[in-house]
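Could you have a look at this structure, given as structure tokens, before my questions?
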């Protein structure tokens, strides 16, 4: 086979040397004009902390304090799911700060990749809601914690108020299982959200998830839902766009999707299902080999600041761990986002995720992926 | 048509097909600049209104520039290294009698016919077993492996079509090996080198699958775009940046064509 | 030649490629069974004319008739002509047999019949048993024969050959010339042969059309082209020729002569002096028409000169003789009959030499 | 040998010849050694980049996941699972089906275009080639995204058709389906088809086509008997260059495939991501590669046979 020859097509690039030099010249001009920003980035790279986080958290708005103190933004590395992140770090990827959620916390801690956080080095720690600190498996002893809580929220249904007829006038998870809307429902792809919703729908208590019976029951529910789903995706934009266009009438999303859609004027609501929504808390952890430990604390402090919190609530619709962040918002607005000034209300009204073992995670993910693929 | 020969005479259906083909090829691509002017963070019809704000915002999005800069750095380094290695390899393959040459060539060409995901995971496993942290260097290594076969494939025909007696003539006229290479061999294979640089840079610049597995803290542009696909607030800026890249590459290509045309006319006149 | 004899009639054919006029206006007839050559330097339009016969180029103006049928609207694959390409165009993906049998597809022949025909052709071109060879295992001469066989097997009315011998070395070329000529006699098909090699054209052809700059300068037999060229261009292109400027002088209706610069006055019969009195002409004489002697020959037209250069070529020698009134030395070609048998060839030290010639050898051409 | 005489010449002019070391002398004498020396950096990189990862991948495929680590007792369990659980076979089959359709569609659609540029464009051929490859300078991800806009529920096609009254409700099979994946792959890989096709067509000596015509073939017969067989190397190269990489694609199906469009690449990626079963992922990679090798060999064999049949 003469692939070699075939690719010789490119050799036909009959550029003369002179022409090439001239081309380079113009390219050079373009290059010097473009990267004014890029050069600033180069300057900032130096010894800044590296924050390994969910896509969307790598924005300057969250790091006002950090920037004021260190003159630049931290470095960002982005993941799409916390499993992916843990896998990467287990593969030897070293960062300063990362961003797990409560149900994964014990497994993250068990990996031995993280060091306890000393709260005395955090200036906003006193304002952090104790309920969020006091998570299962978060106590590192000696007054230290593994994870500093940062954001919290719910996984629930964002639905088009004009297109969805509520069953019995009540918001319920049944919407996502309603054959009436076959092909017009969406779901997050991660088992970390969807499987738990399946448990709620199937009526399996979270403390009994680890049984074969639970697996069977939830799997049956998920298989029932699968033909109704237009697409499973971790990419919230897709769900938001589909909701905005009417391609989907309802989807399993996080708070931020509903907040964004509403700000764009799309008639949606973020449901408070009668069965209860799924509630989660995410936070930040410090890698055991963090090369910039001081700056790592700066990152955390910046994330816990009121300014950051207000941005999170206002623009993303997520809860924040600093109770002062809520002061400037009224209760009604918060309630629309599925939030409250008293997070414990929300946390208790919903189903709070309970950490599971690594084997459970793998088994769940494997099964859920098979179900999504149609088996 | 008076100057059409029988074989080459114009074929109307084929012309129509070619035009349709180009339209289908371009329409999806042209949606990118179109939506970069759309006054909504959601990409959908009808357009909400025209705006330039995403371009303005782009200026303040350091991560975007950071990612672009990473991609450019990786691309340039990968293009240069793979082309240099390609030149050396192509010269060795064409110039010397080596037992097992065809097996060697097949080996070098292997990445062309192996799905990128397999390379990605294989390298990830290797690097993680060796405890090597993921950085732009690991991305570069991955891209190098993807790009090398393209470089060799582009350069081989150049070297094959190159008469070795030219080098002998240069040696006969008293140049040593090094200067012979610079004064004779390199200019002769120069178009291949340019093609190889362009091709490998383009491949590296847009490579996603390997980068997905091998990226550390510094995302390349495709990795960054992947991250932004889920977050609509940033997405229009990405569209704006891509439109700029598209625009600049159009300009460069046509500039090259235009300059080439002028050069051609000049040579014709003289 | 009468019209009924003409197999091909080219009538006022013109061809333009954009603004470039490749064929100015050509009309000629080619007879049945003729070996006809188109001769001219590269770029003269001969290949274009051939390709127009084949149908690969259409005519800008004018019409080509083959066997009485207008060819304008007949695509190449329906024309009763076949072609031997300059590059031979042997299909690389087919073996010899399939190459030769290529055109038989539409003839509804069984495989055995086709192979039989191919074997006959292979015998004809003296390559028996080559049927299963691959195209890339063939030498140049073999490829040329296969190309010939591939065209001839279809029994075309006309076989077109586009410099088919150009790629061969000299010896092979001469051998192929003889074979080609023999083959043409054997099959009796009209051959139209394009070449830039005048010797080849003279050797092979019944008639030759000499072309230059998109025009046909002269169509004639090889002998007449050589002995009686109608223009300086033809004379210069075929063989070597000495040219002298001259003026016609007619003495009433009785006799006439040409006054020349260099050769003096040359008396000519009036039927050859077709021009009016005082008309400027060119006198052309082939180098071998001169006789060289050390003393003035009796009763012949002669002029004295000095030897300026000599070249020994074996069977003959070329001498360049400077004469008064002539800027360039006159080229003389003389057989070396006596040389080596005691007769010394002339040298520049010999002093004056005499050039003599017969009036019959003189060709009168229009002044340029 | 030419080199010695040349060296001698240079030496005689200037200083007395420098004695070179034994290694240099060896290199000077042995072409093979010099050749291998030249090619060794490339080979080293390829070894690090191909052979070592593959060996590790192979070893890993015989291990078992255990918590955060691996149980390194060699076992065929992963391969047995791939063989026995229907999902893997089905995903492989689907991947080859989608890639196969996309490959055939791409080559069929690009062939006339390459033909057009090779035979019917006389000036500015290079401009046409550039024009056809320029769209590929935009990010692949964004091109996928653009197709989403076109094929989407309120996308260009649906809104266009609705506006013209051809359909009453949006066509839902356009997006989040295998159709969407095939269309997008065909569009994305067009350049990889056009270039080899163009080169193989452009290389065909035009006099061969004239010869075919001269020997009585009309345009169709000429195409089938000469042009197509002679361009087969390009067709085969194009097929390989598209089919093989696309079977392992996971981006396109992830973004456009919907629940029924998932391919084996998605599953491999999941094993290294969410499912976190690296040995299984390694096994799937090895199995995928073996299948590709088998399919490629069969394809080569069939095209050889077909070519032999034609001639």
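So that you can tell them apart, the chains are marked A, B, C and D in the order they are listed, and the count of residues begins at 1 in each.
In the analysis below, a residue touches a chain if its C-beta (ideal position, glycine included) is under 8 Å from a C-beta of that chain, and two chains touch if they have at least 3 such contacts.
The structure displayed is predicted, hence computed values, not measured ones.
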Remotest chain, chain A as reference, centres from CA atoms: C
Of B-D and A-D, whichever chain pair has more C-beta contact pairs: B-D
Gap in Å, rounded to a whole number, between the CA centres of chain C and chain B: 55
Centre distance in Å when chain A and chain C are each reduced to the mean of their C-alpha atoms: 87
Interchain centroid distance [CA atoms averaged], chain B/chain D, Å: 15
Whole-Å gap separating chain A and chain D, where each centre is the average of the chain's CA atoms: 35
Shared interface positions of chain C, touching two or more other chains: 55-56, 75-76
Contacts with 2+ other chains: residues of chain A: 3, 5-8, 10, 12-14, 90, 235, 238, 241, 245
Set of chain B residues in contact with two or more other chains: 6-7, 43-44, 112, 124, 152, 226, 229
Contact set on chain B toward chain D in their complex: 6-8, 10-11, 14-15, 17-18, 21-22, 24-29, 31-32, 35, 43-45, 85-86, 88-89, 91-93, 95-99, 104, 107-108, 110-119, 121-126, 129, 141-142, 144-145, 148, 152, 168, 171-172, 174, 176, 202, 206, 208-209, 212-213, 221-222, 225-226, 229, 238-239, 242, 245-246, 249-250, 253, 257
Touch list for chain D against partner chain C, complex: 205, 207-208, 210-218, 221-222, 225-226, 229-230, 307, 310-311
Residues of chain A touching chain D in the complex: 1-3, 5-10, 12-14, 81, 83-84, 86-87, 90, 110-111, 183, 190-191, 226, 229-233, 235, 238, 241-242, 245-247, 358-359, 361-362, 365-366, 369-370, 372-375
Chain D residues within the chain B interface of the complex: 2, 6, 9-10, 13, 31-32, 34-36, 38-39, 41-43, 45-46, 48-50, 52-54, 56-57, 60, 109, 112-113, 115-117, 119-120, 122, 126-127, 130-132, 134-143, 145-150, 152, 154-156, 159, 187, 190, 206, 209-210, 213, 240-241, 244-251, 255, 265, 268-269, 272, 278, 281-282, 285, 288-289, 292, 296
Complex contact set, residues of chain D against chain A: 65, 67-68, 86-87, 90-91, 126, 129, 152-154, 170, 172, 175-176, 195-196, 198-200, 233-234, 236-238, 240-241, 254-255, 258-260, 262, 267, 270, 272-277, 300
